[in-house]
Structures are given as C-alpha cells and as structure tokens.
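Please go over the structures that come below.
Here subunit A shows up in two complexes: once beside subunit B, once beside subunit C.
For the complex of A and B:
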C-alpha cells in the first residue's frame, strides 16, 4: 500500500514538469509587447531593452523555460509585469481562500449528492425518484455562477440573511459554497443512483435482507459501499469542474482567491501571473486526484490489488 | 443492394428507439427550435441587438419591450435571440473541433499502439492535469477575443476526453476479423482507419459530442461571465449575465432571464444526448 502511494506520488513529478512545459509553451505565444504595455507609449528604446533584460525576455525560449523551472524549485514564479510584486507571495496569500471555497463546495456536493442518489434509488420509479432525477437534470444544465447570483438575489438582497459579498466571516461563505456545491451535486447524485440500482438486486443484498438486517444498514453498508467506485470516479471528474467553478464564484463574491487574481492577470495581459496561477491550479488538481486515487483503495480494497497488478503489468509491457 | 438495406434498417431501428423516448424527443424539438432561432435571428429580433433606447432604460418585462431592457436601453429579447446564435455556433463548432483533434490523436494512439500510444497517452495525462476551463482561459488569453478564437480555445482545451474515448473504442475494434481481412488484402493504414475503423467507432463519439455541446455552451457562458470570449456589444449570454449582475438589486430579470435561456439550451442538448446514447446502445441505459 505504502509502495503504491509512493509510486503514485513519484509519478506526479513528471506530470507536473510536463504541465509546466505545456502551459509555458502556450503562454510563450501570447501576442503583444509587455514592455510597451508596462512602460507606456512614450518609453525610449533603451528603457524597453532594459525592462526586457530585467524580466529575462531578451533570452531564447529554452533559456527562459529552464530559468522558469529553476525558479519554481525555489518557489519563485517571477514578478508581475504590471506592478512588479512577487507572484509567489501573492499566490501564497490567496491560495488558502481558493482551497477553502473548493473544499467546502466539495463537502456540500458530496453531502447533498450521495443521499439524493440513494433516496432516488431506494424509491425507484416513484414520484420521489422522478423528482430527484428532474432536479439533477436541471442542476447539470445550470451554470453554477448563475445559481450563485439567483441565491444572492433571494437570500441576500430580498431576505437579507447573508452578506452579499466579502470574506471576513463564515456567513460570507454560505452562499458561494452552497450554490456551487448543490449545483455540482447533480452528477454525483445521478451516478449514485445508477450504481445503487446495479447492486441493489445482487444476491448478497437479498441475503442480508433475509437474515433480518436493518434496511438502513443494507442500504449504506451493503449497497452503497459496493457501488462506491464509479461514484468516486464521477467525483474525481467533477473536481476539475469544481475548481473552475470556485474560481468564478470567488469573482462573484469578491473573495480574494486565485480566481480574481488570474482574471485580472488575463485582462492586463500579465503573462507571468496567468502562467503562475495556471501552474499552481494544475498542481492543486494533481494532488486532489492523487487523494481520490488513495481514497479508492481505502473504500474498496479490491481496487488496491487491481491497481498494483495494473502497475506491474504496465512495467512488464514496457520491458517488452 | 442487400448491404444497403441492412444499413438502412439499422439506422431506422435507432431512430425508432430515439423517437419512442419522450424526453429525447422534447430535447430534439427544443434543439430544432433553437437552431431555427439562431438561423433566422435577424428576422426574429424585434429590435437591433445594439440599439440603445435612452428613454427606456431598465424597462421591466412586458410592455413595448417584451422581456424588458437593460442598463443601456437595449431590448433583452433581441439580445437573447442573437445570443442564441453565438452560443450555438461556438458550442457546436468547438465540439466538432475537439472531436476532430481528439479523434485523430485517439486513432493514431489506438491503431499504432506501442511507443506512439505511450507517448500520446502520457501527453494526455499532462493535458488533463489542467482543468479544461483553466486551460480554455489561458488559451483565450493567448488567442484573444472573438467567436473564432473562442471556438479555437474551447475546441483545443476540450479534446482530451475524445482522444481517450476514440483510443478505447479503436483498441476493441482493432482485433476484429474484418480489420484483419482488410490488412490481408494489403489495405494501407489510412484506408483501414478511414473506411473500416472510424465508421465502427463513431457511435460513442457522436453520443459524447451531443452531450459535449451542452457542456461547451456552459463553458462559453463562464468565459463570457469573467470577461473573456466574445467582446461587447455582441450579446453573449454569459456576458449579459455579468452586465446584469450590477443591477440585480432592482432589475433581477436581467440576471434571471439569460440564465433560463442557458439552462433550457444546455438541458435540451443533455436530454437529446441521453436519448441518443440509450437508442444507440440499450445496454448502457442507466
């Protein structure tokens, strides 16, 4: 087990190196003249050359890429083109907010999605099931940020229960996290329902019922636990969506996270800021995916042997 | 002649199954209506989408302006109608682009296998480590604004799922006898891929594409909402929401109505995609 996790963590290193390469290459082709933008139209040629040299823009692609890797090893993402502030420091102060919003959203999505799916599956083909499924259909089609706005209109502006925007107290986080979480719970609920329906007619469930287990115990320990793997896969897939969603909800509620910083960077053509944010978000995403994979093995021990044997097989194939 | 007949009946069976599915038919009907709205946008718009009536700012729905006017006195209904064209064009074409790029990569990986496959798959591992929306954001900051650029950004950033899917279905087809037969008569690789493999691997791709359109439209609106994508004054639904947001205390309809338009469009594509999946492969039905 420890060996598997270690292997998985080591595998992250080439992925992250690759991601940095991908994003760096992409951003390298950003059109425009950043020195001109930063110094204004009246700047002299010498001033522009000096600015380019200062930001390392007078060097070739590979040198810049190498320097960027070297910088990241020391947690240095360069400085912003527009105000010269260190990007690493800015990211460090903003990242906790993004994680907080993202994780709270995830918790709510799971806490709403799984029970909804279970409820729909245990009441299959009744009005409860139909209602749940119609609800999920609506929520998957709905842009999360729109739901945020509608909830703000109703709960903050009309009823005045929660603040409209800000980040100081826990009350500020209710609407962004609940709106985004409920919005993304729909996919989880659908998957929970279909994997519950798959196991609900298995023989071991009938056996459990025949020996007089409580219905609750059957539902959660016999059915749900066995149907958990596809649900976890869906949750893993939703994480990308969720991270993007939390970036947008930060923007709506003026939470000073990565989202606001990145969007501003894009508008001001501040390439290092966009690059740094993208890289950090990608690393964040990799780590969450790693955690999902580890949770797999905890929830379903069968997966552990499967994964270990797959990695062995891959190695063997590689040798051939 | 015989083969033609069989092919026809296969399509007929799928269509029959599709038409029996009520929700899918509703989805299809809504898609057709939306397509008609998008095509005939100029004729349907009661006013020009950029026309500003300064004597009628923030008119609530009803009255002269059926769905009301925004902060510049522009007719909301006309803007929604024209926005429908923008959303559908970007949604449809970006998905087609994704499927083409992803499909080509997946074909090459699945058909040749070995080192080529390994390289492409590792590239996709890296590619998928960046959330699609973040990648689309980074790309549109490089490509710039406008409809073609947004299609390009969304199309390229969304291709990895199609590549994996195409690779998967090709790997199951590759061992089939008819491929072996085609190889035995010395068909070249391109011919085998285009004539024998793709027609047999296309149905899951089509299902995925029809569901992908809804997702792409959501992404467009997210991009528009954060100020990327299509520049003003072109009415893009997400950008309309972003603009309406500043006035939502008194003019809530500016936020509610464009959102409903997005929900209806995305839902229609999702319902249709679900129905198509069930019709093409009844085993997959959940």
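For the complex of A and C:
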C-alpha cells in the first residue's frame, strides 16, 4: 500500500508539469497587453518596453516557460503584474480561508446530506422519501448565491443574528458555510439514497437482520458502509470543486480566499497570479484524488486488493 | 395434535405483492418439529421453502410480503404476534438461519470474525474481548484457524465462506437452526464436508434443524423427518423411512422417479412433466392435478385434505392417499 501511495505521489509531478505547460501556453496566446493594463493607456512606448524587460516579457516563449518552471522549483511563483506583491505569499495567506470555508461547508453538506439520503432510502416511496427528494431537487435547482442572499436577508438583516460579511470572527462563517453546505448536501443526499437502495436489498443485510441486529445498526453499520463508495466519489468531486467554486461565497461575503484572487487575476490578465493559482489548484486536485482513493480502501477492503493488484500488473507490463 | 411440539406451524399463508399482483407463495402450510430433530423440507424451486423459513424468523421484506394467516408456535410462544423487540432477541439467539448463497450472505466490508462476534455481543452479556474469543472458538469449530479472524470475506473460498456463515448461525447455540440449502452453492466434495460438519455440530449443541433442500440425497443422509412442499403446501410428510420407503403422493413418487438409480437398469430419468402452477393464479383443485398422471375430475375441483396414512405419515391426495 505504501508503495502504491508513493507511486501516486510521484505521478503528480508529470501531471503538474503538464498543467503548467497548458495554462502557460493558453495565457501566452490570449490577446491583451499586460504592460498596458499595468501602466495605463497614457504610458509611453519606452516605459512599456522597460516594464516588459523588467518582467522578462521581452524573451521568447520557451525561455519564459523554462524560467517559470525554474521558479516553481524554489516555490517562487513570481510577483503580480498589477501590484508587484509576491504571489506565493498572497496564496499562502489566502489558501487557509478557502480551506476553512470549504471544510466547514463539507462538514455541513455531509452532516445534512447523508442522514437525509439514508432517511429517504429507508422510507422509500413514503411521504418522508418524497419530502426529502423534493427538498434536494429544490436545492439542486437553486443557485448557491441565491440561497446565500436569502439567508443574509433573513438572518443578518432582519434578525440581526450574524454579521453580513467579513471574516474576522467565527460568526462570520455561519451563513456562508450553512448556505453553501445545505446547497451542496443535495447531491450527496441523492447519491446516498440511490446507493443505499441498492445495498438494502443485499443478502448480507438479511443475514444481519437474522442475527437479531438492531435496525439502526443494520442501516448505519452494514448498509451505509457498503454504499459508501459512490457517495465518497461525490464528496471527492465536491472537494475538488471547492476551491474554484468558492468564488461565489467569497465574493458575496468578502472573504479573502483563492477564488476571488484568481478571478481578479483573470480579469486583469495578471498571468503570474492565474498561473500560480492554477498550480496550487492542480496540486490540491491531485492530493484530493489520492486521499479519496485511500479512503476507498479503508471503507471497502476489496478496493485495496484491487488497487495493489493493478499497480503490480502495470509493473509487470512495463517490464515486458 | 398436541400443542406441545417444539416448533409448530399451523396453516401458514404468505403472500407477496408486486405490480398489483398477489403471489401466493405459502398456502396453508403446517409443520411440526421436536427438539433435536431434523426436518427435511423438500421441494422444487419456487415451492415456498425459503419463504417459510424467513417467515419463522420474520425477516421477510416488509412492504412486499404479508403473512395472510396462520400461527407459528416456538417453545410455547407465538412468533407472529411477538413485538419486534422481543423477536429480535430470538433471532440469531434461539433461532438462527444459514443462507443459501455464502458468496452474498457475508458483509464484504467487515472482517469475518466481527460478523460472528456481532451475534454473540447482541445476545450475551459479555465483554468485547470475551465475544472475540468465543468468535475465534467458533471459527476453529468449523475448521478455520483462529488467525483468520481479521480476514475479509473476499479472502475466503466459497466453502470457507459457508463455514463462516455456519459459525455465525451457531455462535449463540441456537435451539432451532433453519438451513436454507446450505450446500447448493458448493461443489460436491465440499458439500459432503460441510454436511458432516453440520451434523457434528448439531449433535454437539442438541439443535433442532429445518433443512431446506431440493437434494433428496442430503435428506436421506441427515434428516429424521421429511415434509414435501409443493406450491406452498405440504403435500406429504412423515419420517424419512416412511417417505423414502413408501412415497404416497404422486409428486413425491415423481421426485424419486427423477433421481438417477445407481443399481437398476434404468437408463433414462423420468422427469415430472409440466411446470408448477402460476402462484398468482392457483388452480381451484389440487395444485398438482395439472401434472399428475393419476388426476381425476375430482382432483381438479376439490382441494384435497391431509390424510393420515399411519405412523406419522400424512399425505394430501384424493386418489393415492391410503393405498400404498
């Protein structure tokens, strides 16, 4: 298993090199002049040339790409074109906020989604099931920002329970996390329901019942664990989406996270910012995928055997 | 008949509902069994054997299945009227069940030891450690080394899995064991081993057993009494000797006729022609009339009663009952 994990970590290197290459090339060919953006329309030709030379933009594509790779090795993501601030520092200060909001959102989404799905599955085709499914349909259909705004209007403006926006105290995080969490729980609930329905009819569930096991334990120990793989896939996808998807809540509640930063970078054609964010997101993606796969093997031991045998097979094929 | 039988099923009827159709799976079955005895419940696929066993434990699917009538008496208690909580204390403790397919009967995400331990912990007041030791003992009893406690079901072969299922069922020394085709999914050499092991354990624990099977060879080997089930009805019952030596009901005779004979000169098997009646639309007379070589007009209109043939031998047939 350790070998498998090590292998997966090593695989991240070519993936990140590839991602950087793609984004770098894309940004290179998009129209717009960063020097003009930075200096304004009135800047002289000389000033623009000097600015370009200072940022290394007078060199060719390959040289710039190579320099960028070299920088990454030293965790140097360059400086922003617009304000000259170090990108690595900026990301380091912003990343925790995004992760904090994301994790809290995830906890709420799971805490709401899984029990809702289980409840719907164990009461299939009753009014409880219908109510749960109508609810999830509603939250799937409604955009996240709408729900955020409704909650702000109600809890912050009318009742005055929580601050409207900001990030200083824990009270600031209640509405963004609850609003996004409940919204995202819908997908988890629907997946939980369908995989529970599949598992509930299995023979080993009858075996557990025949042992005299309590219905609650049967549902949560025997069924849920077996139905967990597809649910984990949904949660993994959700986690991956978390950074880029955090833009909405960060924008509405003025939380200084990654989403807003990257969005501004794209708007201002601040190439190093966009690249830096993309690299961090790519690494984050790879880590999340790896963690999801490891959690799979904890939940379902058969996956472990499958994964180890696959990596062995690959090795054998490679030797041929 | 006295009320004193250890297990007594009276006129049990069970129906399934699917797509607005009512499937009559069990139609007035009566059975009795004493402590320590083994009853072979014989019949072809779809005769309602498994449904009878699951009804005793009350583990039929809630919405689809309905007990339409009858009583199940177990050691002086009527099971169908018990509260769910009381029934739960009987399941896996005083009555337990071995399932047909060991490949699917074990939870793939739990180590086998835990699955055995689960029943012990539920029904005994003992610590986790004691339960673990007892589960290990059970594994050894069915011929699996204790060290494999922490292995998952997919690391076992089919025969080994069935041993685990048996260990699980016997973990709390049940007074009644419902074995639902315990050897059907296994190949013949393993079948013999498993059967031998079950007989040994049964003797050791003094367990009464209902052995559900369609294999008459197994019945001859392990059963004291036999009940032949057809379309949810017991058509003939008696001791193993009575049934094997003097089969009375044409269906039972047909079953024996479809067995290969090692000593005789017969080359071809004689199958029973036709199919079991559609359980959604059962015929008005004898359920077997459509396939019976002796059927008369009366058979098609009158539902036959159980006739006593002497000893413990009973048969449900108008024509053949009584003349042997």
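One rule holds for everything that comes next: the second predicted complex is superposed on the first by the 308 of 320 C-alpha atoms of A that agree within 3 Å, B and C clash if a C-alpha of one lies under 4 Å from a C-alpha of the other, contacts with A are read in each partner's own complex, and residues count from 1 in each chain.
Operating definition for what follows: contacts are C-beta pairs under 8 Å (C-beta built on N, C-alpha and C of every residue); 3 or more make two chains touch, one makes a residue touch a chain.
Values in this document were obtained by computation on a predicted structure and should not be read as measured data.
Clash-free side-by-side placement of subunit B and subunit C is the outcome of superposition onto subunit A. In the superposition on chain A, A:273 makes contact with neither subunit B nor subunit C.
In the superposed model, A:207 lies in contact with subunit C only, and not with subunit B. When both complexes are overlaid on chain A, the residue A:241 reaches subunit B alone and has no touch with subunit C. Residue contacts after overlaying the shared chain place A:197 against subunit B, while subunit C stays out of touching range.
In the superposition on chain A, A:104 makes contact with neither subunit B nor subunit C. Put simply, more of the residues of subunit A are touched by B, taking subunit B and subunit C as the two choices.
Nearest C-alpha atoms belonging to subunit B and subunit C sit 16 Å apart in the superposition, given in whole angstrom.
Interface residues of subunit B, counted against subunit A in their complex, comprise 118, 122-123, 125-127, 129-135, 137-142, 144, 214, 218, 221-222, 225-228, 238, 241, 245, 248-249, 252, 255-256, 259, 262-264, 266-267, 270-271, 286.
Contact residues on subunit C toward subunit A in their complex (touch as defined above): 54, 57, 59, 61, 63, 88-93, 96-97, 99, 101, 104-110, 118-119, 122-123, 152, 154, 165, 168.
Partner subunit C is touched in their complex by these residues of subunit A: 125, 201-204, 206-214, 221-222, 225-226, 299-302, 305. Of all the residues in subunit A, the ones that touch subunit B in their complex are 14-16, 18-19, 21-23, 26-27, 29-31, 137-138, 140-143, 145-146, 149-150, 152-153, 157, 190, 193-194, 197, 240-241, 243-244, 247-248, 251-252, 262-263, 266-267, 269, 274-275, 278, 281-282, 285-286, 289, 318.
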